[in-house]
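One chain, chain A, appears in both complexes that follow, with chain B as partner in the first and chain C in the second.
And then the complex of A and B:
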């Protein structure tokens, strides 16, 4: 990098295409003219090189390092305290960590709930709004608003709703007295669902916008044709509109999977992933961040999360590339 | 505690370690260390008239109180204190990389195992020379708390506060309750309070640490200080019948605790005591912060957790202590030593207590005449104790307490019937954590 400024004046001396041949015509070989000057190559080299180095260092090296660390114990202090332990972290994770399997289960529940409830609801909203009903812009804005708000803020807002002592729900239905007390945040049978309501509230708006964009691209001639054929509204939707939404559905599926795997902020704000709301991402954070961290163990959990992500992403990529090749 | 000593880990020459640490900062940990060092250095390198100080006192009350101490020091010595305040929790989470990067000369920290951990990792400088000058200001228990495992001093304590059972005098007077001194009396009082329509014991464990305080109290009352220390150090077994007995006692009074504890913060639980809906609350004296009305605060009182086994009586007091340490390579060591000396004087403590009356001085020399009745009582309780504990997450490995004990105790509070499987799970996880360096 330090050589760069030194080379700049040199390259400036021989700007190839323009006036250069006029002043030193002998030096420029005619016949095979270079397409790129030195400066161009340098610029291109930097433009491609710097991001590549950053990408390799910040994405690949860190990912590989955390895979390697998954087979060690390390408290984060000095590199000499890293000790290889082989598969011990994983063995411990699968057998004796009481939070691990609940966390896997909750990530799966998170995905299933998002795909079963808010996604069809988002589609429903999109179809209604697509009909150009009155005030459709207002509805659109209202439903999309939660998507604009950060997950952490949503967590704070819903905490006010769910707070067992002073929250909106318990105050309204009087469930904050001893004897008939609903602990929305602390009860492991309730809190995950309580949070999922908040997550769905946001996800539905997100899905609505995606589907709305998809619906805009449905050719009105198709609908017209099916109307002429005597199909009712539901038949049109089922047999004509929905099949044309196929590309949107793929995007929706991928987005929902990603949302389920990266679920973190909402829960962390809500109750830090305690009792009933454990998630893999939160276990990773709890083990790695802190004053004396279990970096090896936390990395092992991160590797599990990575494997699950790859199991989802690889088939998707294969399918996508196959489609492109066919096209 | 032997697990933490560096003896088990082969240390190569320091130069290589430093080098590796540098590489580590740049590559593996990504942006973490450079960011931290950016706020650590403050650009005042090697100025003999300035000492840099990393502070976790981000709350308004302590921040102002500390600022007044530093101002007094500057006035006295002519040395400026360059304070670098970070959010309290962030400071704790980043302490590891902070101390390995370019930390400030002096930093705020906690006594006990948490201090010893960093001392044993050579991330702090011993300050025996400072203690030669300030040693006379502190009682024996405080000296013990300020030493590393190698017997050298690493810590200057500033203030401390006890954990106890808090109650409102007016509520006790109204119903004719008496302060329980034995376990049976406590249980009987809980029953009476319940009959009178009160929540006997306020409880909020959403932040997962308050339940540790309850465990600590029942454990050292049931099994004594020595067993508590052994258990915290990972030496005693969690499946020991003694530990089981602690949970049996806890199970006995758990039904008298406030319902839905896992979903409630300690602040909300304290509000039920403020509102006279709860009869008692086991917490540190910082519960007073929730009593914003002066009349309510004057009505607040506390008693030591009742005796369970007469053999141990009430001789142990849980008293977390906060103070200062010297980082591994301070830029201005002489100035930092002067600052630490000043922080170890009764004068500095009095300046602090004037602004933050929820804690008491660590020094026995500090003037107690301006103490509130609560502070006086807290001071007596601590100075009369045979042994002082810190708190579970200060007396044991923080990685163990945060990843194993916090969820386990929340689980117990929800399902006291599962105690056996919870305890064997704790023991299994404890073994692997304490076996690692």
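And then the complex of A and C:
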């Protein structure tokens, strides 16, 4: 279960069917499997089998194929042109590709920025909105709207802000005259940061919602006790509320890492990952939809992305599923 | 919003701290909406006016002309259609297949359950780019003459539906299995003893009880699949077959020469998601927190 198991029965704010959600999850005990007829077993096999085949074939087998292809060169025309080249793709990637290390660096920057700026800000907003204030929903909607809108659309909207000639910022500061341009999108020293502003804008709303859900599950009695003990707001938050948000923090951390690794749409709409905005995801994609289709090489980049992702996903899943088994 | 936490506390009378908080929230919320409002303003002004007076100027005329032009010039109705052809089957199939997996792992004590759930959950957390290269090749390899317009899985709505279902079912299976586990097992056990088939158990007993979770997931999935950009960009090559978000990207370079029109197009694209969100806000938010592990 995720860090938000308590949320499960709350879906749609309707009373959960059946007994209190607190009741221990129960399974049909082993013995009842004997009740299943052969037809039942076939039905069950198909019910689990069909989705699993689809999922495994399109997600996991292709991931494995990525790993295999990373050690080959292939022009994509006919299987006989696949050639085993060992570590050559990786060697080339690590040593001579001018875009690879910048891309890694940008992915790291993406994560650091998201975790340092919008994440705490989202938490801050959530704490403020959790205070039983009027119009809470209106505020929430304002902060959350960017999460609902497509990243591609967000890219277009922010281009209107950043456009050197007609954009909001340059128009406001008078930098839209020839010779005084600030080229937010074209300047390799600026563009990544400009895009990160848009990404953070979206991320803060997302984090706010996650933290709001987490805060809902904080026992109000804890806060009251703390207030009775004379703690001020900050002390209560630091010593009482924040520690109980630990499960939410784990989810937030994992979500943020994965968002940073997945980052793609905004950059693609802005400048297709040209100078200054290279990302691993963009490099992989450019190998497919660009003119030069170097399949093995693109797969090698994908493998790097896969390894980093799994380094996050595996410990996270082990931790959550272990907790579930204990429950 | 949270009535539970609020029940014990009276609404506090107006005090300076509250006024400060509201001021802060109003200002921040407006700043947050500024990019969208700016796009709206640009979209409502004629290009001739903004090119003459600049964008930061008092608008003398606000019209919906750009919206109408963007809508007709770029044949948006067609692209809403192509999106619908992908999104509707994808959402329904994802819910059907993932609920079957969830039923399997949560109501029976098979040895593979944990492994199965891990496979699904982990698959959904992978970045899409990890699998795209072989997937792209696979889609080009699969011939479907007469079934899809392109004759292949590549460049077809079917191809998009399949990858959406495969990818999103990981998340839904995880959420639904948690939900189904909270249903009392006596329900299904009794039916099983009475000789009901497992299909009946699933279709007539468990599934109807999962309606709230299904509604939340349906809302979430509709928005995610509608908003998809990546799969559509890579797996669809014919502009005409593209769903709306990628079509907009395609068109903005080709037809749109003025930013006001692009703004109008972008906002029009966002309208369906905004409608879904405003109508089903509750479902959307509860869905998101229900499976907070979603990237």
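We adopt the following convention: the second predicted complex is superposed on the first by the 280 of 327 C-alpha atoms of A that agree within 3 Å, B and C clash if a C-alpha of one lies under 4 Å from a C-alpha of the other, contacts with A are read in each partner's own complex, and residues count from 1 in each chain.
Note that in this section a residue touches a chain if its C-beta (ideal position, glycine included) is under 8 Å from a C-beta of that chain, and two chains touch if they have at least 3 such contacts.
Small disclaimer: the values here were computed from a predicted structure and weren't measured.
Chemist: After lining up the shared chain so the two structures overlap, which partner does A:96 touch, if you call chain B first and chain C second: first, second, both or neither?
Modeler: Only chain B is touched by A:96; chain C is not.
Chemist: Taking the superposition as given, does A:161 touch the first partner, chain B, the second, chain C, both, or neither?
Modeler: second
Chemist: According to the contact criterion defined above, which of chain B and chain C contacts more residues of chain A?
Modeler: C
Chemist: Could you say whether A:76 touches chain B, chain C, both of them, or neither, answering first, second, both or neither?
Modeler: It touches chain B and chain C both.
Chemist: Could you tell me if A:181 is touching chain B, chain C, both of them or neither one (first, second, both, neither)?
Modeler: Once the two structures are laid over each other on A, A:181 reaches chain B alone.
Chemist: For A:191, select first, second, both or neither according to whether it touches chain B, chain C, the two together, or no partner.
Modeler: A:191 sits against chain B, while chain C stays out of touch.
Chemist: Looking at the overlay, does A:234 come into contact with chain B only (first), chain C only (second), both, or neither?
Modeler: neither
Chemist: Quick one: classify A:58 as touching chain B (first), chain C (second), both or neither.
Modeler: both
Chemist: Using the touch definition from the top, say if A:274 reaches chain B (first), chain C (second), both or neither.
Modeler: After superposition on chain A, A:274 lies in contact with chain B alone.
Chemist: Determine where on chain A the residues touched by chain B overlap those touched by chain C, and list them.
Modeler: Dual-contact residues (chain A): 57-58, 61-62, 65, 76, 163, 166, 287, 289.
Chemist: Could you please specify the touching residues of chain A with respect to chain B in the complex?
Modeler: 57-58, 61-62, 65, 73, 75-81, 83, 85, 88, 92, 96-99, 163-166, 178, 181, 183-188, 191, 271-272, 274-275, 286-287, 289-294, 296
Chemist: Under the touch definition given earlier, write down the residues of chain B that touch chain A in their complex.
Modeler: On the chain B side, the touching residues are 9-12, 17, 20-21, 23-24, 27-28, 30, 92-93, 95-97, 100, 114, 117, 121, 123, 199, 205-208, 258-264, 268, 271-272, 397-399, 402-403, 406-408, 410-411, 414, 425, 428-429, 432-433, 436-437.
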